[in-house]
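For clarity, chains are labelled A, B, C, D, E and F in written order, and residue numbers in each chain start from 1.
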């Protein structure tokens, strides 16, 4: 009879026996354990240009998964069997930012070297984490194509501030990790970039679509077309989702919010479209700063982005 | 001259002589007094699965009516003559939740037994209040058809937690108050339900429409079609509006917010469509938790739902 | 049986039959009705130098009374028999501030002309309301002594901005309503005033005590001494309590907060000391801005100030 | 070497050498200096019917410009050469509201009399500032056409409260400054106005479009049609943008928020459409109350409204 | 080299090798494991009279321990060897409050029946949890003396609302679990209780001290005197710390805040005084509602109360 | 007549001609300009162990000075003639923290090399800035004595995290800039440090006083005694005020808040005591994180600390 209502290691939470919450299909990684999706957190945002607590997002996004279930009503399918393996969050260094970048890359490498899963999600952190993350994937898998949802190019020069959250794709291109032509940028917004970087993108062959382009061509169509273009050139496609691609009314918890962005539905639908392709094996979600959010709605949206990727 | 600027019983508020605010056409119920719409508050949310102060909503929604006028510009009609009779809020019991459910049902019965109005609005509270409320209407009026705006089925089993806000329609069906086929659910969302309850809905003949269905078929069309289907079978149609059917960006003040829901305009238009039908005699509005809201925008939206129902 | 749990005019609230909350001994003023303490709200703060919503305080302070009981445990006395008559809040004018000052004075006059109570409380608003309020009392009762709890002199010149919340006592002195020697200022704070106004206070014979003076001489002693001095000169003593006399940690909801002020206990004890004297017949409480408060603690403190005045 | 990292007069801010932020193309007005757009702030909202800190908006909107760049990606054009001349904010009077209205008009006059720019932006404040502002433009330029984005007519009678933020266009019409037929109102919302004022608008020949009209006819089409109608009658067209025309989910920082309004994109697109016409020489932006906002998103939207006007 | 920076089960946190945080000396209870202090959470506040999320406090108080170290500088002693055994939090029932009370008592019984520790801490929850908690201790250990820090008597009648957070000590006395003379109440506040309950306390022989008594007699002296009085009569002394005994400025996160209470230092010093006595074997901490707190300062204070009890 | 109410470069603010606000006696440093107190901001907190926006404090503290006047009522002295020279805030580097430490030291050196003032204030930032700041002073002035108000020793080892805000005095001692015996630490708090660092302090001859010591010996007495001890040994005394020495109720805006600290009055009085000594020529104020504050009360307190230093 005793210890019926107490479990020293678990938080008590209401459980409906017929419902599986998305955080219930998580297992913690252990040597030898297999899963479907590997998840790692890169809680790093000290190199953001503006002040950011995006380092807190891996925690809040995981928590938000506990508010949703594994059942997709539209397709009448339950994904409770899809296991996500949690590799935890990387320990960063308080003052040595270079060391931290090294740790991030090493830890993503550690995760994918386990070969325990077929697909992976990397939770930022600011967009700066895409540099070490994509570098790790490229080293393991070969040529990488990237589809970046973002209001910004993130192709700033490296001299004015070093490797900030405004530079990851510049860093990748300059380091030879990523070819410009293998990078697709979707949702680029007016009054949020500079001509010099738009020009750089063109020089490097980066394919980018402004919000106006997206409105005219259709978001799902753009995604489908670009995957088609990439699929014979690259070994793996990596989705990089900067949540500020979404309008500030739908994603208030991003450091660089502004009007004129996508709706939540547009983002979710296009991520689902992309995730259905077999080459798409990795995704990062970045630029969610929970301290700036309203009712965690940006983290909840990020959790749905995860589910759209995982549950295909 | 004296007491020109003081009224001991009323809060001083700016008054434009040509404008009628929606709270100015309220009368407090007294024996023998008649009105158009009866309104009662069921300030109860202790049986919510997650923590909820939806019990505060009857106050904030009424207050929000004071921010809007009775004039519908689109139709160039002023509804200042439409009187809503306020029956007040039910006194709940601090610790005896069964007793409280009894009081809620008795009080709704008390209201409709006055026969002072032709239509009624019940302000929750969490969705658990629909069980006693619809039970009271069914007893008075006979067979009830229900149109439920909701992201969730609310058909959970009663064993895991008793009569919570996740169970009202299960309770109604099991108690024989409501036939499954007389229940229409609109706005059911992905990753927000369980397969077991979707299956239960189908077994019981519940008609439900996911957000995907709604997008394909059109929300107003769905509502019109279902009222047409119900109208010869039932004696009364009751609208049950769970505000979490609306997207989290438009209704942040609900306990169970998430992305991918309706817009405000979609909800308001479909409620108006339904309210025009003469069989539609009752409505509840539930799951507004003012303590979680931003600038009371969810209560304001609920006030507009009330006005769309009242001003037809 | 019916309408057992519904009262259309009253908010349902838990009631313990043996406890009287301080808002339960309120009656609304009606012609001919008598009480012990008359209370009127002057919801005006548009003339504040800095932005202020002190106009909301009459509502929040009254509400705070509902959180406390009429029983003073220290003296083992229950004051549930002490009736406070609520005269309501003055209707102000949106754009004509002179007209509003007129209404405030007229309404205080209306209240005291009822002669329904022996003592009165005036709830501001900003400190500007003391000018019309004290003027009304002076006209009715004759020579007025004022004890002002305040971090500031409130003796600013009238040329730079007119009758703001920085000028009430200057206005009263210049209008001949109040003699400088009949004004006592307690809690004057460093770095919160100007030498010119300190000099003006001295010229006019105002007695003022800085926080340093208060620490050295004792707050209760200062109050007792000054009442003794005033008692044979004046017809009535009026307490004017600017809540910013209290330290910002204890009263964060004042527009002009700062460190180095009184504690809550010091304020309450000294108000009680003053209120015991029979000449003390009126009090105002000003400069509570509920929009800036934390958990309404400043309004709660103001409610205790009211109770210390009422329950002697 | 010394003073390399210190600049006593400027706030240190990260600078990317290839990016121009919209606040970097500002110059402060000095005698003789020329620019493209003149900007003045009218920080006044004391005459608002409901409580408003819209007087803070000139500061927050200017600051929001610092979050965006001068580069319009859709058109691949950089507007860093477009100089906006900042004339500062008007010093208002704490208690004399008539005097303040005089100062507002005089200051707008002062600005346009410099003839230093070809177009002007006036930052409110509440909508009451449009009365002095438009009066100044009319006196300088002759017959004025006004396109007003607003949920409300703002044609209230002047007897109930004087010149509040509900009356500017009534004041203008009654003062003979503006002809009814030269006023276009877009976005008028249900349950937000009174029949009397709708009737008044019709009597005066005001052209107004409800949200329903806008949905049916298209917002850009309405704007284009009305500019076409006005262009041969008036000497100048003035845009008056009350941000509450936008839905509460997109512009939570307005005093009178409600559901059923425009999206951000709709507002921005229609302002851009209007701003392309050469007769459009002035704009005001009003009713942003930063104290009620969420993450400054309403101020950010207002900054984009400015940029859509400036960068054509 | 691999997995150097990743630990799937632990949150990464900065670690100084020479510092032990108070949460680092926690072990989770397992069968057979021993410790010094047993800690269990009773996350229950649904029976509060006013709305309360005190059920969240066990989480926030434990987390607050992570902000402090085990080193007491005043005594130059490090308590890193003192192990607290965490038994977890009780699973409550969503709708059956009687069942929940049963679970709370059973779970406290489960904990103390392990006999794994010599002293115990029970984290509420609202004060209602003291009824099942003290009942469990009394059954195990015999006659219980209770020292209650509280602004309130908590001796309300059980008819008006059942077993709320206003009744635990009434329930204990009426159930014969606790003798009135074995109950000591410290910090009882004016205008926060009713004469009827003060009278009841006297009839039952309860020893209570108002804030005035405390000021006159000294808090530590009162505690010492009462422990001396109890020590030969009872088998165990249980401390019941209602955090609202502290002034609202120091403990804003309590549901029933008010002015005139203890300072933090007074509470901590008196708890330390009591905890030094060997008969003092148990403590509960109640009425911390983290949702109402400011910067978790009330939870932090509660963590210090825990440390003062543990580290003697 | 024109431009009477507009000043393009200044924010309009109410001005009382007889009052000088503490920000009005500021001049911006220019070559050759002299003043009394030099002030520089070191807006750096990226090296904080826990997340900190203390980098925003130089702005908010300066702004808080605008809320207070230069008149000290206790001494009846106006300090409006005391000029503080503002050297601005140092431009930090987004990602190179070593470079930033270099810039901080260089900029403090730049300031004091101007020899424009006799005393200096350095506004942090986190406590990490004291390492470069004190280093600069030591190089210029010779042997430095430091009086540190702090709940913490800040003597952590440098291996676990590098030069964080927990290490400045360790860094100074190890670099030979500061002798242990020349360091005085006041307000050290229980459960906030580690034995290893207390031991290190003793080994190095650091004089430290816990809150218990302070209560027993008197804060002003401790300060006076230690200045007496230092005065013949050192060339300059530098005050380092970590605002977390104050209790969390009085200074909620510090990253590491906790109970049991000083009151505001105690801090202010002891800083005044110290500042009167002629050897005291410099002060830093650190660990104010405005994003965590309540009504800026911690910044306001910091402004008073500045005034107590400046106005002696």
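We adopt the following convention: a residue touches a chain if its C-beta (ideal position, glycine included) is under 8 Å from a C-beta of that chain, and two chains touch if they have at least 3 such contacts.
Every value quoted in this text rests on a predicted model; they were computed, and no experiment measured them.
Colleague: On the document's contact criterion, could you list the chains that touch chain B and likewise touch chain D?
Modeller: A, C
Colleague: What's the fewest number of moves from chain E to chain F, given that each move must go to a chain touching the current one?
Modeller: Shortest path length, in steps: 1.
Colleague: So the centre of each chain is just the mean of its C-alpha atoms; given that, what is the distance between chain B and chain F in Å?
Modeller: Here chain B and chain F have centroids separated by 57 Å.
Colleague: When the C-alpha atoms of chain C and chain F are each averaged to a single point, how far apart are the two points in Å?
Modeller: About 38 Å separates the centre of chain C from that of chain F.
Colleague: In chain F, what residues contact two or more other chains?
Modeller: Only 14, 49, 94, 161, 249, 294 qualify.
Colleague: Taking the touch definition from the header, please name the shape of the chain graph: line, ring, star, complete or other.
Modeller: Basically it's none of the tidy shapes, so other.
Colleague: Got a list of which chains touch which?
Modeller: A-B, A-D, A-E, A-F, B-C, B-D, B-E, C-D, C-E, C-F, D-F, E-F
Colleague: Could you please specify the touching residues of chain B with respect to chain C in the complex?
Modeller: For this pair, the touching residues of chain B are 1-12, 14, 28-30, 40, 43, 59, 86-92, 94, 103, 106-107, 109-111, 113.
Colleague: Which chain D residues qualify as touching chain B in the complex?
Modeller: Residue list for chain D touching chain B: 49-50, 156-157, 159-161, 166, 188-198, 210-212, 247-249, 252, 256-260, 292, 294.
Colleague: Using the touch definition up top, name the residues of chain B that touch chain D in the complex.
Modeller: By the definition above, chain B touches chain D via 14-20, 22, 67-74, 76, 78, 249-250, 264-265, 268, 294-295, 297, 300-301, 304, 307, 311.
Colleague: Inside the complex, what are the residues of chain B that reach chain E?
Modeller: Going by the criterion above, the answer is residues 46-49, 51, 53, 55-56, 93-97, 161-164, 291.
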